[in-house]
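Multiple structures follow.
Okay, so subunit A shows up in both of these, paired with subunit B first and subunit C after.
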Partner chain A sequence: MIISIQNLKKQYKKEWVLKGIHIEVKTPTIIALVGPNGSGKTTLLNCMTNLLGFSEGDIYLLGKKHTNPSIFKEVSYLQDNRILYGNLTGYDHLKFICDVQHIPHNQIKQVAEKIGMTSYLKKRVRNYSLGMKQHLLLAMSIINKPKLLLMDEPLTGLDPSSAITIRNVLLELHHQGTTIMLSSHNLDEIDRLTNTIYFMKSGLIMEESLAELHQKQYIVTVNDGEKAMRILKEHAIPYRFIQTNQLSFVEMDLKLPHFIQKMTEHEVCIEDIDSYKTGAEQRYQELFEGVE
Partner chain B sequence: MLKIWLFEMKKITKSLFIFIMLVLLIFIILGYFVFVYVNTVRTDDIIMEIKDRVYLQEQHLEDLNQLDNQEEGQNNTGLKEEIDFQKEYLSKEKDMVEAYRQKDWSTILAKEIKDDEDAGIHSTNKIISYSTFPTAFTTETRYQKNKWLRDRGIPPVLPIGTSSWTTMYDVDFGDKRAEAFVKNQSTKYSSTGINFLSHVFKQLFHYVAPIFFVLLFGNMLTKEGIGKNGPIQLLQTQPIRLYQLLISKLAATMTITILILLCVSIFSVLMGTIFDRFGNLDYPVLIYETERSYHFITMGVFLLKVFIISMMVLLFCYSLLFFFSVITRHTLSAVGLTILVIFITHQWNEGFAESLIFSFTPFSYFSVTKVVTNELAVTLNNEYFTYPTGLIILGSYSIIFFLASYFILLKRSNAKK
Partner chain C sequence: MTYVTFELKKMMFDKKFHLFMLLCILFVIGMFIRNVIFQPYIEKEEQEILAKHTETVRSNEESIQNTLHAEPNNEKLQHLLSISEQLLITLTELRNIQNSKDWRTKLTLENEFLFAVKDYKKAEGDFPLSLIDIEQRIATNEKLITDDIKPQHPTFSVAMPNFLKLLTSLLFQFGAILFVIVITGDILSSEYEQRSIQLLFTQPINKKNIITSKYLVSLFVYIAMLFIFFATAILVNVLFGKKGTFQYPVLIENNGDIEFISIADYLFQGIIVTSATVFMVIILSMFLGLILKHTLKTVIVLTIILFIGYSLTWVSSNFLLWFHPFQYVLANERIVYQNDTVWYQGIFSIFLSTALLFWITKRKISSK
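And then the complex of A and B:
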């Protein structure tokens, strides 16, 4: 088991911030935590890394209790940039992690090159831009080649090219077998990274996957809607009536060539086919309309 | 743990705040050196002083000679004796001028010793001069100190007259004017390297240094350390155990403290050596004992003892700062509370200075030089208040506060499940 969280509850000043989180991750996945501010995303990540206590529940990461410091040999946590020491250089930060985790120092150069931060690696962090700091935080969290990477808002303050770099690095890590759990408000980037999204609302995980929603959907306009519906019922094909002569289907329920063949056989004329995909943003709007 | 310690060291040494504070410290020491240098009495000052006396003496002798000429034929034996006495006195004064000019310390000290012996040092009525300056204790210790200097060929810190040496037993000075004069004479400064270093410790280590170091490392031990957020979270999300983290932080703080104190010491001695001379590590320092007894230790031993107990005082301050930072989780609150507690307990302590509790309170040992010279113990008539007790008390309290902080943090960590 990569992540096992059972009934996690966290109370803060008489208010329940987490109200019973259950998460089980068995295979390497990229998981996005999405939710409005105050929904408990960072709290969940901080609880998982033992930076915060909690009231009830159990957390196991990679089969070990989350309070065991040795988990950090295989678990990395990318936090916000307040953890950086302004007086030290990026190199100092990476060297420290290499030292305490017994990683060869030549990894520093490799990681810096991969992320594209060699030019400012030896500058003091207080002179870094927000994007540079995010790069450094990423480098610090992947230098130990973790099996589990937890990330709190890794895409904040990034210009498009940095976002692409970080996305590519994360996808590469994922292909190498790393499980990544990240919180973010950047829903477009999330769509590009994963279709496993945990929508968090008021301390609960509302929905665990967008896999179904990510199926392609079709809106078909025909010349005889009633006849078309009769044919679909005969063949037990699920559909949704939109308006006169207009029906919608989910790709997993209906293969388009098969549909066209049936309609042609029964002399129903297809006038138009339109396709669309539901994304994180659309689902977010549906779930959290008016929340923020 | 060594790697964490090195990282902590790097954080401190690269801190701009610490750099600024150290520059400030250098300027304070420089300023203090200028003050000490200006107020150091030198041989030229003494020569001028004696010459003034010689001039007046010569005037007086001339007057006596004129009187003697006017009374020629009359056999005024009293006047002749007076003239002879004045001539002898004048001769001695001129010899002293020459001795000071030649920096012939053995002659100068021999004269002081002889004067004390002529004045009957060993027959002083100790009951009469129990608190009136110069007390028997003061005269005796001054005599022995001069012998120590003469026997070891050590130049004295000037001036060396009777009124330039006081002890804690000198309470009554007759009148305010006399008191002011004696205190002015006995407040001696020396800009030689070793003596300047002792001035620095005496002045800086009475609350100034603890507060300075608490401010210096407050940021490291609190804001970045135990606060709610901040860089500590980087360390907490590494395969490092809590005790390793805390010990490394403490070790780094103490290492830098020792380095700063060593640099301050070297800088002070260097300043003195460049602008004056090195000084002498064998210079005598008076250590009080019970029943009005005493002994001398060398300046080298004195400075070493002051250095050690100063470190213990700072260790205790850090433990207190650490404790408050764990409790408050806020930099300014922790630093403010630490400084406040140091001040308040100092004031509060004086209320029961003669009780047994006083010797078991760590704050009582902040006057490090008075602890080393045993002056506080004798003043307070508290036999438990000694240098070794100070080291044990400061060390014990430091351990207690550190352990308390550790267990609070551990409890919080365990409460996380």
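And then the complex of A and C:
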């Protein structure tokens, strides 16, 4: 088991910040934590890394209790850039991690090249831009080739090219077998990274967004809606009534050519076909409309 | 060890550390320049004092003579008049040899003058010197003559041992502790304020090692400060100062008696007790930083504890001082006034408190 969280509850100043979180991750995945500010995303990550205590529940990472400091040999946590020391260089930070984790120093050069931070590696962090700091934080969290990478807002304040670099690094890590759990508000980037999304609201995980969320959907307008729906019902194909003579279905249930064939066979005339893809943003709007 | 190196690097590249080390050097050089500049004024000051004394004695003599006109048989006034005459003779002699390099004769004459002033005051005459001052000056002069040590100005000396004594007396009067509070008082609390502690907590290192490493680095900072302080003082003295002797007497009070220790002993005792206190203050500030997680609050609470702790010295019996770890906050006082106590008697309690605080702080950080 990569992540096992059972009934995690966290109370802060009489308010329940986490109200019973259950997470089980068995295979390497990229998981996005999405939710409005104050929904408990950072609290969950901080509890997982023992930076925060909690009221009830159990957390195991890679089969070990989360309080065991040795988990950080295989678990990395990318936090916000306040954890960096302004008077030290990027190299100093990476060297520190190499030293405490017994990683050869030649890894520093490799990671810096991969992330594209070689040119400013030996500059003091106080002179770094926001993007440079994010690069350094990423380098610090992947230099030990973790099996589990937890990331709190890794895509904040990045220019497009930095975002692309970070995305590619994360996808490469995932292909190498790393499980990544990241919180982010950048829903477009999340769509590009994963289809496993944990929507968090008021200390609860509301929905694990599954693959179908990302399926292409069709909205069709026909000349005889009732007949069309009857045909789909006969073939046990799920559909959604939108309005008179207009219905929708997902590509996973029925490929478009098959739909056209069936309608033609029954002499139903298709007047219009529109397609769209449900992404994290649409789903977020559905779930959190009016929350923020 | 790896983590100690990282902590050390953080401190070495800290602008505040550089600034205070530079201030330390500038302070020592500044004090030395001040003393050099004031050298010509030392003689002038002595002349002014003699002139002032002469004026006082003459004025008193005139007043006594006027009273004697009214009461010619007043024996007390006659006695005071005879002492005044003696004082004037001694003062004249002192003024005559003011520019002489024969310091032994000067001290002998000064003591003659001081003995006469003492008699004068005992005969209920008025003179602007207290009996304690007179006793201490007589004893110091006698000690200098006996040990054949040339006297130095107590404040503006450029002789190395006396200059070091002047500087260290400032260190021993809260200076070293203040320095440590300013430089290392935030060593743990700032990590919580900036959240950089979270970087350390998400590495496979034992949290207890964070305390040990930060403590060792704070000790390093203190030792570096002492080294820079003394190295600068010695260097400027070797280049521009005078030699002097570390056997120069420092007056101390013991059970109301006047005693002397050498400057070497003063430096040794001062460094030992101040360093012991600094060792305790460092871990105390780390403990408070861990609890309060805020630098300003930590410094304020620490200062209050030190102040209250030292205040208890005034009400503690000599026996209780064996168990009082805050008695050397103003170490100079404890060295110079050793009434019924020994200079080292608080050290055991300091080390015990340090060890206890160390243990509590380590446990506290582990439990978080």
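Everything below uses one rule, namely that the second predicted complex is superposed on the first by the 291 of 292 C-alpha atoms of A that agree within 3 Å, B and C clash if a C-alpha of one lies under 4 Å from a C-alpha of the other, contacts with A are read in each partner's own complex, and residues count from 1 in each chain.
Basically, a residue touches a chain if its C-beta (ideal position, glycine included) is under 8 Å from a C-beta of that chain, and two chains touch if they have at least 3 such contacts.
Please read these numbers as outputs of a predicted model, since none were measured by experiment.
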- request: Answer with clash or fit: subunit B and subunit C placed together on subunit A by superposition.
  value: clash
- prompt: Which holds for A:Q246: it touches subunit B only (first), subunit C only (second), both, or neither?
  reply: neither
- prompt: Who does A:T196 touch here: subunit B (first), subunit C (second), both, or neither?
  reply: neither
Task: Would you sort A:G57 into first (subunit B), second (subunit C), both or neither based on which partner it touches?
output: first
Message: Looking at A:D92 after the superposition, I want to know if it touches subunit B, subunit C, both of them or none. Which is it: first, second, both, neither?
response: both
- request: Tell me which of subunit B and subunit C touches more residues of subunit A.
  value: B
Touching partner for A:T156 - first (subunit B), second (subunit C), both, neither: neither
Query: Touch check for A:Q11: first (subunit B), second (subunit C), both, or neither?
result: neither
Query: Which parts of subunit A are in contact with subunit B and also with subunit C?
result: 49-51, 53, 69-73, 76-77, 79, 82-85, 87-88, 92, 96-97, 99-101, 124
Message: Could you list, by residue number, the parts of subunit A that touch subunit C in their complex?
response: 49-51, 53, 69-73, 76-77, 79-80, 82-85, 87-88, 92, 96-97, 99-101, 124
- prompt: What residues of subunit A sit close enough to touch subunit B in their complex?
  reply: 47, 49-54, 57-59, 67, 69-73, 76-77, 79, 82-85, 87-88, 92-93, 96-97, 99-101, 124, 140
Statement: Contacts from subunit B onto subunit A in the complex sit at residues 3-4, 6-7, 10-11, 14-16, 224, 229-231, 233-234, 236-241, 412-417
Statement: Contacts from subunit C onto subunit A in the complex sit at residues 2-3, 5-6, 9-10, 13-15, 194-196, 198-199, 201-207, 368
